[in-house]
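Both of the next two complexes hold chain A, though its partner changes from chain B to chain C.
On to the complex of A and B.
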């Protein structure tokens, strides 16, 4: 049985900031309202809602989905929260796809919201309790600590230098100068990144995306409704997600197998056999600069170990053969976890509609991919969009 | 729904107030093995996996990290929904209806005995700006709700106590139950006040346990299973999110969810068309409130129905023959799951001493608990 076609017909995004004055529900409202306005719809036209948000510890509210409900338009509606850790932002529209593709509804609102600044004194505190309480927490690991391990392993495997990796941060932070939601867009140079303060060698401050508050939303519609609403629908052509073991210390960290599995699932659905040729724009998840390279390889957009060279040669710049993170990514626009993933989906949506303004890549792209990642180096979520 | 979806395997650990010899991972593993065995499937035959859980209940931030290993779901499409099991089951049905998935495993568990500060966790769900500063135990909302419900509908505290007596007695026939007891109405009425008129025995007590259900599309189900249980419909709604704007007397989420579920399943007269119902009874008054919201009882009559035995085993429409949350135990995100397991056993005519004769169609309803107004309704049938 074939599934129903699902389109994105509207998108909204708030500014990403360090400490938002608005509460989580208020940010959800702002993003949802913008998305509905763009789609030309009212809340009453929305049949079902799915909300993505990363750990409850950020907001400091148990059952955070219920707390965000009123702002996300969930009053008196079928409303549910989906959650795959850091992969949530791209999984949320996949969840929405399930709602519409199954025939459960024709119009579904997908909202992603993250307010990390409520977590005092720093959102990193929330990450102290993600580790196994018996085998890992006694070592007092932090997230940056384990990503330093992963980055080191990746550099070692392919003989990469710090500069090979830092070029991603330079590209993305500069790209973000054109994004109206951007929090830390900066005209940084390679030296700036290499000379920034060391957090956990080899991770420096400018290798990392900031902690952010922000929200994003998209409206999904079935084929028939989408064609009535807009002459520029962007179709969800493939979806994939995959979760690896919780025992991250038992696997080799140089390659994200779970991202590859998720990508293969999405590509198979979208009928994509040669991703590096068929995909014209990509938004891999880049909370750290090395992760963009990692994920380009996991997404099968290039050979393993090749991503750094392609970046150095300008392949991944906006004017290159395969623009990656033309939005500015998490490194430049900011990283309110779940909202970042949806921001990336929205970027592909805008690029395919040729509505990305100064960020627009040349060549009328037809197919794009967005991806997010998270948990203990464990989850990959992938969505393929087509004009 | 486009394609019929069936439950082809269930696994349940049974419930207990403590489970010191098993971790949540072992509980989940036990339920998963049973469910796969019953379905005759290996985890690699399962197309996708879903867990219902909430971070603070599990004691981890980003709990979904700890989902795949014990379910046999490593390097597979796994997702978490922070919702009741019944909603997770609904997502599973959706996925099968997309046509991209044939078999789905849905899991939920409860390891409440690990939580040192359960009351504080519950209070942490209160709005941090408007309600949490009151520094009240979250049960105060249930007390307010019960008071308002009794006031507006004319149901009585005594009738609520009768719900407790009925469910705890029913639980004596359920080998899975953790909190079965022989009680009298006076025992309940004279138990310690929680938030009057809510008393200690009006509230369900936590229990540990894990549940897994394997779903399959119609074609798969026919091949796999002698006694498939069909999911006719699942629907969920959230009412007013902010407790301070809510009408405490009515469970509007249950009403909305039931209307939609009945419409899809073709239920016209619930009292006639249903053979049994498993209703959320996290607090005694909730069973009455939900019965009225769903339309099984008319406004103000649910207490009377309970009093006259219409909702007892052998009555017009047995409600919570499993013992419900009051008798089996409150299992938080797994609450709807515990009731789904009961419904499946009833519909397969495997419920032993508590079997409802000739059960063909049953209703399962869940609520996400204080301070939410979110709940789901499912219609299950063996034909």
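On to the complex of A and C.
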């Protein structure tokens, strides 16, 4: 299609925590520096920078991209921020891919940072104004409400129980015990999840990811540069993104069509025709446990309504046929919005390089997919990586 | 192409009132904590010093903006600097007129990148770019580790 090949050649992640001592620019620096060191590059080798971060209202800093620029190494460089809500963390490397695939540069640093702890009493206050100001805001909605509506519709459509959903939280929180950045890794059991505090039926406390501070970064390079830097480049084989209307009440809540469209775009570019057979490891976006199932289906990794059964049968465990969220996901590692999506891309990168340590899945995986989602049940962002 | 204003008075429009119901607790950060602790405890400014390329920066950073190496060296630079620019302000951010105009300056320090913006307690007729100025701090017992620990800058 006329695109140049683009590889990931280095990655860095800070710890994900409830409240970091570091500022946003300081967290951005720590992730960026680690990624550059791993790639064996200096900042002067970086030609362009792209930064992803969620709404300004979380940090309480308008022009957050500009505020984070210095820590992301962006001073006096071609630098730009991208933003598609919760989908940002996977869109940011897609944005970086555009820079390198187009030939605009050979080396691009991609940084994602989020400092949600600034927002008091809770980031839900900032989420309030993503809803329609006339028809929905007067009801004082929280994100948990609308996800409860979506989760119930999904469960009813396919006849799923709460336990069918909760198994995802158990898997991911346990997986996260092996992730050095993890904030809420826990050896929870199915009963723990089912018996945790009810927030908005059917959503319980342990069904959801926490608010977090954290940052992540990757270095992208053109084919020639990547082959010079490493004998283990991981290629960005396909990218896709898609947005549906913000009038979320018009959508089929049981199926994320926009994720499917984004996935089909990425698969076509990657030459993948049978994703459920060709993809060996996946990081679907899991801010809520049911979302992992929802997204497995949207990513065409299984038939609609089948994801819960596959989870119950261990198909998605690290030792299963298709491990999902071997990192521990947003549910276990934590959810500093934009940084979470990039953490997922980094997990696939590490898995394909067989550098995931205790989290390494068996079988020398060669193809993986990472996906993020967000806004008002509205955006899907998908990236396919190949070793 | 211009468009015609069909409604002259804003109040004729149907509307909902709303707000974003949050407030913020900003983190001082690693380098910021060092700066404001030094200001509070020792009554001095500190700059960060890059041990790789020598760049000195105020406010201090944990990384060098030039060579991107980590920084763990901080240097006391006292309270005295040079006036780099100044302005006299008559309106506050809501458009209300101040009882007494506010005089603000950007103060820089020799050999150091960056500077401090703060109030000046200097007669307007005496203000001159490049003049030596010094921070007047609150008494140590009243300092809380914020930018308001500096009352103003004055002539040396």
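Going forward, the second predicted complex is superposed on the first by the 386 of 387 C-alpha atoms of A that agree within 3 Å, B and C clash if a C-alpha of one lies under 4 Å from a C-alpha of the other, contacts with A are read in each partner's own complex, and residues count from 1 in each chain.
Criterion: contacts are C-beta pairs under 8 Å (C-beta built on N, C-alpha and C of every residue); 3 or more make two chains touch, one makes a residue touch a chain.
Keep in mind the model is a prediction, meaning the values are calculated, not measured.
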item: Per-residue touch tally on chain A - higher for chain B or for chain C; value: B
item: Touching partner for A:20 - first (chain B), second (chain C), both, neither; value: second
item: Partner chain(s) touched by A:33 [first = chain B, second = chain C, both, neither]; value: second
item: Chain B versus chain C as contact partner of A:60, first or second or both or neither; value: both
item: Contacts of A:75 with chain B and chain C, given as first, second, both or neither; value: both
item: Touched partner set for A:243, first chain B, second chain C, both or neither; value: first
item: Partner chain in contact with A:291 - chain B first, chain C second, else both or neither; value: neither
item: Which of chain B and chain C A:265 touches, first, second, both or neither; value: first
item: Which superposed partner A:173 touches (first chain B, second chain C, both, neither); value: neither
item: Which of chain B and chain C A:43 touches, first, second, both or neither; value: second
item: Residues of chain A that lie at the interface with chain B and also at the interface with chain C; value: 23, 57, 60, 70, 75, 126, 129, 133
item: Residue ranges of chain A in contact with chain B within the complex; value: 1-4, 23, 54-57, 59-67, 69-70, 74-86, 91, 95, 97-99, 101-104, 126-127, 129-130, 132-133, 240-247, 257-258, 261-262, 265, 269, 374-376, 378-379
item: Complex contact set, residues of chain B against chain A; value: 1-3, 54-57, 59-62, 64-69, 73-83, 87, 91, 93-100, 121-122, 124-125, 127-129, 235-242, 252, 256-257, 260, 368, 371-372, 374
item: Interfacial residue positions of chain A with respect to chain C in the complex; value: 19-23, 25-26, 29, 32-33, 36, 42-43, 57, 60, 70-71, 73, 75, 115, 117-123, 125-126, 128-129, 133-134, 137-138
item: Complex contacts: residues of chain C adjacent to chain A; value: 16, 18, 20-33, 61-63, 65, 67-68, 70
